[in-house]
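Below you'll find the structures, each written out as structure tokens.
Look for subunit A in each of the two complexes below; its partner is subunit B in the first and subunit C in the second.
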Partner chain A sequence: MATASRVRRQLPVSPWLFAAPGLLVIGAFVLYPFVSTLINAFTDRRTLIEGEFVGLANFRELLHDDMFWIGLRNSTLYVLGVVPALVVLPLLLALLVQKNIPGIAFFRSAFYTPVVASIVVVGLIWVWLLDERGLVNAVLETIGVGRVGFLSDQWLLLLSAMAVTVWKGLGYYMIIYLAALANVPRELHEAAAVDGAGAVRRFLTVTVPAVRSTMVLVGALSSVAAFKVFSEVYLMAGPSGGPAGEDTTLVMLVQRTGTGLTGRVGYASAISVVVFVITVALMLLVLRADRRSET
Partner chain B sequence: MPVSRRKLAAALAVCVVLPLSACGSGDDGGSSDASGKIEGDITFQTWNLRANFKDYFEGLIADFEKKHPGTHVKWVDQPAEGYADKISADAAGGTLPDVVNVSPDLVAPLAKAGLALDLDKDAGQYRKEYLDGAWASHQIPGMSGTYAFPWYLNTGPLFYNKSLFEKAGLPADQPPTTYDELFEDALTIAEKTDGKVATLANVPTVEDFGRYGVPLMNQEGTGFAFNDPKGVELLTKYKELYDAKALDPQALTATPESSGKKFLTEAVAMNPGSALDLGNFKKQAPNLYKNIGITDQITSTGHVNMYVMGVMVNSQTKRKPAAIAFAHYVTDAQRQMSFAKKVAIFPSTAGSLDDPYFTEEDGTDETRVRVAAAKSLKNAVNYTPVLFSEQMKTELRNEVAKALQGKESPKEALDNAVKACDRLLQQQG
Partner chain C sequence: MKVTDDSGRRIKVWELVLRYTLLLAVLALTVGPFLWQLSTSLKGPTENIYTSPPQFLPGEPTLHNYERVADTIPVWDYALNSVKVATANVVTNCVGAALAGYALARLRYRGRRAATLAFILAMLVPVEGIIIAQFTTMRDLGLNNTLIAVVLPGCIGAMNVLLMRNAFLNLPYEIEEAAFVDGANVWQRFTRIALPSVKGTLAVVAIFAFMGAWDDFLWPLIVLSDPSKFTLTIGLNYLHGTFANDERLVAAGTVIAVAPLIALFACLQRYFFRGVGEGAVKG
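Up next is the complex of A and B:
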């Protein structure tokens, strides 16, 4: 019995040694910051000053902070604007480049290029294009439409940032769809064609059901990314978050509130906790919708 | 090979704690007394200066080490972007360098957190070497003491595009010299160009309110006061300019960099700058350079605005005598003068601005700007309150934008901005 209990209390060391580097990294860069953020959310900690426990005061303040509601509105609008486009358009793009015809590799690479480009470079290029005196406005002026304030109107700014997110994300999700499309049996398409189904019908009745789980994955990934948007809006609307801060997103608010020598780390952590909760809820919502449509 | 849980737990604990132990600063027996011997290793951090001035700083450090045998200065340079965040992280993590290049708004929170050395106490003997205004620029309202050596100063003229003035029927050799003239000319240019050329590219900042003669803080330094009638008057004038497109429509989201670019591309007629910009105009916009006009900063107070850089000593340094000696060495009259001859900045040491380098023109635009700037610096003011944090700047900017868009009246907007800034000030402690 004693030997058996000693054996039970002993663990093989090798798996732990293999896992140790990963565990250390996760512990230091994921778990510790996460727990620390959770704790800070209930304190009035500032960058250089240790805070005291303030209970739910930060969350109560959030309810009365106009900028928080603006951030929540913009992040939500971002999800609603970007996710449908990123679920559908890359699929269409993948169908276009799926066929093995001469020169198609060039188009596949071209569509993927924005993914590997630096977001800062991409953002700056779009700022130049959409500037009052940029290329897009020059074209609009030439055809008689007149100048459009893409970078000075709060809604056009948000829409422009969404367009950049979609443009930059197309190639990434296209690759995911290409992998899914490769697994769709050709016989299904052939059978549908024999039954007289046209291209649109085949797309709706064969392709979409076959890649539905991939669409859910893309929906989940893009909705989380869209809700946490920062770079595109920051680069196009500026550090103040557009005119009067009306284009501020929640993550921008976290950055603005919690960084710098006078940053309110406790309050910014409370906003981060809200972002985390909403992000998890979004994931659950997408997965639940998928499960419901399966039954 | 099986191993017991206890041994495994101990091994993991060692793995976790061992790397962290490297973060400790360790006590190497240094001196925390300012009057002790100047010796030991110190770290000096600059703000985006390595790219252009590597040789200057390496020479300066070598000279210091030669003058004080037994000292070793490790120089680190941080990029301009995110500099405040880098200092924040170092300050919070206890790894702040011994000597740090700072601006007054960075010093304030560090001093409040007890991380900046009070030079009035530990290095008061050097005070007389610097201009009074420059020395005072690192004093914090509500605290006694001075928390950084003043380093270089900068100010600059207002550049204007003569060609755009002429196109609007305005005399190119008579730029505006008062706020009334500025607003009048701006409205004329907007009207004559059908709103295609704006005169200004930035919304008013706290510095603009100060230069207009608006009191920025109350006497005690415990609250902001830029919502007074004079402040409302300035914002009302900017609203008129915005409506007439005399203020660039993208001003609400502009940064100093973006407005500088607008001036380069001749989309706006005027822009503040410094002697450094002349070289940029010559290189990047030769057409603009041919038409460049240079005039004085417009101010209602008689004092132009100046920017001040400082060198702070970390109060937690273990090599206090060496850190103070080095911070003083970097900022003394000889070093500042030699640095000023390498780049278009101005020394903060007493008497340096009377050097012929800053008083005699040779007929070029560069020397004209330099001499005019040096003259105006003698009674210049750093309008931005040291307690005005980045968050406060954003609050003011957003409220100003609401007033310009007509969502709030100028009075409401400034009242809201003052309220928000006061709240942030209280939260700073």
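Up next is the complex of A and C:
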């Protein structure tokens, strides 16, 4: 370590020169806005008016704000709808593309395409597919089911947006699962097969326990992302959040309340604080559920 | 043809058929929507795009819609704005994250742990929750409605800094020691020895910075209000909101927005996949 300690010698300012740009950017545009969100939540600040300290008034107002409850409901439903699908389906997909059969690299890449595309592109593609006169309805009509108002009914809209989120996320989580599956010892599968376990049994008794920690990771990542959903619903239901705003999510509400020249920065910050708290709670919940099922 | 699995055993024919059937079904589901969009964008103005049963291939393929979308919104200006924003984001993230990552991994100084902690905290802050405060910060700086404001908040991502830090930490110390003995200063060790050894991670940072900036929606939507400054994603949203009735136009616009990224992905898949692994472990 004698030489290592010599490497340490350097100009005293150089580490700070190296780190300065990064620290400046995260300080000014992440940490400072974070702190100022926490402070603003207790003020009546607006875009053009500095505002004053109002204590818990914003939070008290939230309790009686129907739109807030609608947003909370929809963001929560989004987590409940999207997360189970994103934990299970990409795992099945990973099992499907895991085996090295001819052409599999092409399939892996192709399944990843929706991840690469912008959420705006994806949203608009599905708006057109699910249109009253779009492809999905044309197919449904041809096979005799009849047309469905995917984008006009409040609940179908939310469901459609969830489907789009799952569709776009499949490839991403598939790659995460592929990495985890590569570490599952093949002997386990072989031993189970010798014992006469079928494919489903082997999946439940070998694969699932082996990738359980990855499933928890995917659960945590996808639930946090799902709770903060904005773009899919904004694009499919429109800026005002579908019929009578019934499809508004919490982040949509933050965007709608806090921006523009008349934006209620204080009130929007209070909603943001709720988003923070629930996001952290979700993460802790998933990690705790993991620990409990382990013991 | 004989197909074997990793352990050299022959895969049964029925299993192969089942696998390929499923693969093709998922393929139709994941890539099909893109192809349908492409097909719609190539359909002529007189062609009925609402037929039932649907018509998958354009009867008389034409690029007419791509000209028309440029007449409706300045789509090429928007594309240029997206290129500017994405390029700037790549440069600042690569340079800033490499410098800061090197400082966190290799240099010894008081406050290093605090600096590392600051980046970890920054990584955990959800962007959606601070977007209003970012907006007021930009207003205070007088930068609202500029492309600079679009780039600034993410121009050195905390996650990228930590990725670079880990890459530098994984390099063997001995090489740098040798360079030190030869009289190389910090800057020379950084640019000539450390940096060339982490090219792979740097490529991951570059790709995700490009993709992040090109695909971003919420932040530019909030910070840009003047239609002449729009990026492609915001421009598409504007096109969709204002001229929603012409699906051919919107389809042409989305194809313009997605084609560059699909091309990039086709060329550099390795790094895209690698980034998912590294990002997920940190995230």
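Brief remarks follow.
As a working rule, the second predicted complex is superposed on the first by the 274 of 295 C-alpha atoms of A that agree within 3 Å, B and C clash if a C-alpha of one lies under 4 Å from a C-alpha of the other, contacts with A are read in each partner's own complex, and residues count from 1 in each chain.
The working rule: a residue touches a chain if its C-beta (ideal position, glycine included) is under 8 Å from a C-beta of that chain, and two chains touch if they have at least 3 such contacts.
As the structure is a prediction and not an experimental result, all values here were calculated from the model.
In the superposition on chain A, A:Gly27 makes contact with both subunit B and subunit C. Once chain A of one complex is fitted onto chain A of the other, the partner contacts of A:Ala237 are limited to subunit B, with no touch recorded for subunit C.
In the superposed model, A:Ser269 makes contact with subunit C only, not with subunit B. When the two complexes are superposed, the chain touching more residues of subunit A, out of subunit B and subunit C, is C. In the superposition on chain A, contact of A:Leu56 is made with neither subunit B nor subunit C.
Of the two partner chains, subunit C is the only one that A:Thr113 touches; subunit B does not reach it.
When the two complexes are overlaid on their common chain A, residue A:Val224 makes contact with subunit C while staying clear of subunit B.
In the superposition on chain A, A:Leu124 contacts subunit C only, with no contact to subunit B.
In the superposition on chain A, A:Ser36 makes contact with subunit C only, while subunit B stays out of contact range.
By the touch criterion stated above, A:Arg133 is placed in contact with subunit B and with subunit C alike. On subunit A, the surface touched by subunit B in one complex and the surface touched by subunit C in the other have residues 7, 10-12, 14, 16, 27, 47, 131, 133, 238-239, 259, 263 in common. Residues of subunit A touching subunit B in their complex: 7, 9-14, 16, 20, 24, 27, 44, 46-49, 131-133, 149, 151-152, 157, 237-245, 256-257, 259-264. On subunit A, the positions that touch subunit C within their shared complex are 3-4, 6-8, 10-12, 14-16, 18-19, 21-23, 25-34, 36-37, 40, 47, 93, 96-97, 99-102, 104, 107, 109-114, 116-121, 124-129, 131, 133, 135, 137-139, 141-142, 167, 170-172, 175-176, 179, 186, 190, 217, 221, 224, 228, 230-231, 235, 238-239, 251, 254-255, 258-259, 263, 265, 268-269, 272-273, 275-276, 279.
On the subunit C side of its complex with subunit A, the touching residues are 3, 5-7, 11, 16, 19-20, 22-23, 26-27, 29-31, 33-34, 36-37, 40, 50-54, 95-97, 99-100, 102-104, 107-109, 112, 115, 118-119, 121-122, 125-126, 128-137, 139, 152-156, 158, 161, 173, 176-177, 180-181, 185-187, 190, 211, 214-215, 217-218, 221-222, 232-233, 236-237, 240-241, 247, 250-251, 253-254, 257-258, 261-262, 264-266, 269, 272-273, 276-277, 280, 283. Taken together, the subunit B residues at the contact with subunit A in this complex read 1-5, 8, 12, 15-16, 84-85, 87-88, 91-92, 106, 109-110, 112-113, 115, 248-250, 252-255, 258, 265, 267, 389-391, 394, 397-399, 401-402, 405, 407, 424, 427-429.
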